[in-house]
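Okay, got some structures for you below.
What follows is a pair of complexes built around chain A, which joins chain B in one and chain C in the other.
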Partner chain A sequence: MENKIYINGIGSISAQPGDVISWEAARLYHENIFPAISPNYKEFIKPMALRRMSQAIKMGITSAKIALNEAEIEIPEAIITGTGEGCKQDTEKFLENLLDQDEKLLTPTSFIQSTHNTIGGQIALNLGCKNYNVTYTQNSVSLETAFLDAQMQFSENPEINSVLVGGVDEISEKITSFRKLDGQLKPDPIKNTDLLKEDSTGTITSEGAHFFALSKEKKQNTYAEFQSVFMKNSIQPEKINDEIEAFLKINKLDLAAVDTVILGINGDNRYDHYYKNPQEKLFKNTTQLAYKHLIGDFDTASGYAVYLAANILKSGEIPEILKLNKLECSVPKTILIYNQYLGRDHSLILLSAV
Partner chain B sequence: MNKAVAITGMGIISAIGNDTGENYRSLILGKHGISSPEILKTIHRDLPVGEIKISNETLAQDLNLPKNHSFTRAALLGAFAVSEAITQSKLKIDGGTGFISGTSVGGMDATETYFKEFTEGKAENSRFIRAQHPGFTTEIIAEHFGITGFVSTISTACSSGANAIMLGARMIKAGKLKRVIVGGTDCLTKFTLNGFNSLMILSDEHCKPFDENRNGLNLGEGAAYLVLEAEEELNVKPVLGRISGYGNANDAFHQTASSENGEGAFLAMQKAMKTAGISSEKIDYINAHGTATKNNDSAEAKALKRIFFKNSPDFSSTKAFTGHTLAAAGALEAVYSLLSIQHQEVFANLNFSDPMDSSGFIPVTQLKAKPIDHVLSNSFGFGGNCTSLIFSKNGE
Partner chain C sequence: MKNLHTELKESIIEQLNLEDMEPADIGNEEPLFGDGLGLDSIDALELIVLLEKDYGIKLTDPTQGKEIFVSIDRMATYIEENRTK
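For the complex of A and B:
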């Protein structure tokens, strides 16, 4: 018998302000690379430690703490992190020094903090948490693999009550801008909220951190039930509907039971057709939402989709700015999230109301 | 209780050989693979490394890659080792076949080569831009072998390979995959060599794991993979050994240093024995992490003492043969653990002369034949990530 898993706490840092449901207007950006809105990190991290930390570490620790505080968890029984591109700022710093100084007179600080598991390790260190700790780094399914691992933790060990899962990615000056060279970013700057109207190659990018406190116990302030996650490295565009139907079948759900889908449409006309099939067939009569016009696309951007889904399921309200079609869904009960990047690393996440 | 997970294939490439057979021969002959860097273009020619003396061009030819391929060196080494593992297990690759790889810096070799070009806006080699991120290396290996299903990468520094093996075993047990290729790959890069050098933990001589006068590690490169299969998929396939236990814990002490009493290592070993359902007396051999840094070896010995008291089983570090291959280390040493079970031999810890004052522990220094049912393999990394695996003889 599988346990139910609930999302009891969320920490979200992105290019948009928090509390999405009560928003009046989205934050606008006119560059294709834009930063996250920083919370007051000093509330969460000691000033001495803060000075040495890159954006990814700051965002990671802070959003992890917000999620744990909200769920009233002191020490989770596992910390599972996803990051597609890891600690780019420190990597870039060490690499540039190495190349500029011809391998001479290097200091180790940025090297030490450059490894992908720095975020997860620093959260453990900050909490004094000696439990299970892993970091996944598989492009756009990094956070999804972390969710899968979390789900397995609960089913393997009946003693596990709480797991902290999150996704973090930061922008860095040079490495992020390389995306202009290989077509990952749009050739010309656009306004972020125009992203879904674009008919051009590439996307826009930003950064963020989303941590989720998962628990076996339902609480009064529980957001949603985390039902399932699925990922597949490559899928033919015409086969995507079959994969979605198979996933729903495994989870014993009818297509009609899904009342809202959140799609990872990122304005890249070379790959957005992956979403067309489910949009036009499976989910023709379903409320369709998108989010990358708000926060840009990055490997763990789907964390924002989970954050949105959890808030929608808790409040019963869907912000207008997310809607792709005119279909109204009175009380959202089951939300499916579908994401991919450059036609690879596809994922499906299923959440339901409690 | 769940049955231990069957291993039906293994493949390896390291500084001591291009396949399992060559690695085994080097291990029993005490033939190390430490040399000066030749393929890696670095100013640090005086730092000994465990370098594989095959160029990227030759590796690409062996793999029949087209001229404009985007394999980094880690991907080349990875594909080379995966190929051997698949051949040995006669693996059927379909939608139910997964691939989980550990890597620390992914395609950093390409990034450090082209970084300046990219900074100047030159797009000629832009196919290597995404190569910096570990998932790219994994994906390109998966694509080479036609693996389209579950593909993921673990990056927990030097315990990545061990964690990849652990995740694969758990997914087989949970029924989420029928077959999975697990392991790790890392190549020598200027980034890691200079990184460890700036930390002042590289030795300028051949490393001496567990010796009182050890003065640092030698960096190495390599790749190794295992094929894990669910029980119902086995049919009459020979089983090389089984993964019976695994444990993962965090030291939560310091980003790069191990705690003095080796708390993370202790917890990881304890958890591994718990999942295997065996007590510490059942462990016949420990393939230690043993990097030959002051800090690691004393912390690991402390942790061993806490688990095994005075009666530590035979242990050795094979890093004096291969160098420390970072994310691949746990995978290389998984292959060595399986060879140890297959041949009923403990491999020597090279370059040892004086026991550490703190523990007095003496590793096995000569090849030793003995009955071996269970081998414990340790992998610890930056970020406090500690993982221990237990490999067992089929039928034990």
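For the complex of A and C:
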């Protein structure tokens, strides 16, 4: 029999305060690139270590520690990280030094910390964890790939009881602005809460880290059961519904069992039609939610969707600001998350209440 | 002209991102590594680069660092004796 996987702890850092789920007012932005809200990192990381860390590393370690504390796990048996673009700030710093100093006298810190797996490595160093540690970089399915590995760890290794899995991406001055250059961002600033009403190309972006402490054991404070994850690089818009139905069938669920769907709609009129078929056909009688008007779109933004889904399943409450339709779902039991970016890297994540 | 000790402290604070620290917080004889300022091996590499960049001193043997980076006093003396710029 397959092990069940439970989400017992979550650490979330994003452009929204942690209490959006408690109906607090959402943070408003009037720019297309905006930063995450930083917690007091000194509460989680020693000042001497903190001083040379970029935003991605600080967000990663802090959210990882929050998730582990909540799940009462000291050392996880695996740390699996997803990041689309890794430590961009240190990459930029190193490359700028390289140019400014004519490739001479380069300082080591930004080079050491420019690699994608620095985040997972720094989490391990901070915890003193020498267990399995892998980082996946697969564009907007980086976190999903990390989840798939976590699922495989649980199913293939009976000794594994706890896995820390998460996604991190930071903004940086130059590399993030490249997204604007190639039309991935809206040309003019918009209000983030207007994103879903926009009929224009591009989206808005931000940064964040979402770590999840997964365990085989259900606890008193368990958020939800992590059921399954699916990824496919390329799907024709008219075939999305078939893929979703096939995924649900594999998980022995019919459509009616999904009572809430969270969609990665990001206001880009070139690609949001991928969500139309599921919205208008499969899930026309299902509560539909969106979240990228709150935190922007970035490669591991779906971590925020998992955070929302887990909190909705635990609390039974759906924040009004997420709703795309007026259908009520009194007690959400099963939530499906569907995401894609630029018409590629489609992913489905299924969570259920415990 | 700025005192070499103060100049060194300012460079170290900037180069090593010693946030919330002022030059006055670093004693001239305070150990830079271990129980003193608490610098580590990555900082040692940064200091080697700092010596070459700011004072034209190239350390060919990295173990020399252990004798030079003892304190601000020791560093300043070494710089005064060996600087090329």
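In the analysis below, the second predicted complex is superposed on the first by the 354 of 354 C-alpha atoms of A that agree within 3 Å, B and C clash if a C-alpha of one lies under 4 Å from a C-alpha of the other, contacts with A are read in each partner's own complex, and residues count from 1 in each chain.
As a working rule, contacts are C-beta pairs under 8 Å (C-beta built on N, C-alpha and C of every residue); 3 or more make two chains touch, one makes a residue touch a chain.
What you are looking at is a predicted structure, and each value in this text was computed from that prediction instead of being measured.
Engineer: Aligned on chain A, chain B and chain C: do they clash or fit?
Structural biologist: With chain A as the common anchor, chain B and chain C both fit in the superposed model.
Engineer: Considering only touches as defined above, state whether A:His210 meets chain B (first), chain C (second), both or neither.
Structural biologist: neither
Engineer: Which of the two partners, first being chain B and second being chain C, lies in contact with A:Thr135: first, second, both, or neither?
Structural biologist: first
Engineer: Is A:Arg51 contacted by the first partner chain B, the second partner chain C, both or neither?
Structural biologist: A:Arg51 sits against chain C, while chain B stays out of touch.
Engineer: Thinking of the overlay built on chain A, is A:Asn117 touched by chain B (first), by chain C (second), by both, or by neither?
Structural biologist: first
Engineer: So which one touches more of the residues on chain A, chain B or chain C?
Structural biologist: Result: the larger residue contact count on chain A belongs to B.
Engineer: State whether A:Thr107 touches chain B only (first), chain C only (second), both chains, or neither.
Structural biologist: both
Engineer: On the overlay, how many Å separate the closest CA atoms of chain B and chain C?
Structural biologist: Superposed model gives a least chain B-chain C C-alpha distance of 8 Å.
Engineer: From the superposed pair, tell me which chain A residues show up as contacts to chain B and also as contacts to chain C.
Structural biologist: On chain A, the residues that contact chain B in one structure and chain C in the other are 106-108, 112.
Engineer: In their complex, what parts of chain B are in touch with chain A?
Structural biologist: Within the complex, chain B touches chain A at residues 42-44, 104, 111-112, 115-116, 118-119, 121-123, 126-127, 129-130, 132-136, 138-139, 142-143, 147-157, 163, 167, 170-171, 173-174, 176, 190-191, 194-195, 197-199, 248-256, 263-264, 267, 381-385.
Engineer: Please name which positions on chain A make contact with chain C in the complex.
Structural biologist: Listed in rising order, the residues are 47-48, 50-52, 105-109, 112.
Engineer: For the complex, which residues does chain A have touching chain B?
Structural biologist: Interface residues on chain A, with respect to chain B: 79, 84-86, 91, 94-96, 98-99, 102-104, 106-108, 111-118, 120-122, 124-125, 127-139, 141-142, 145, 148-149, 152, 155-156, 174-175, 178-179, 181-184, 231-235, 299, 344-345.
Engineer: Could you please specify the touching residues of chain C with respect to chain A in the complex?
Structural biologist: Going through chain C, the ones touching chain A are 15-20, 38, 40, 42, 45-46, 49, 52-53.
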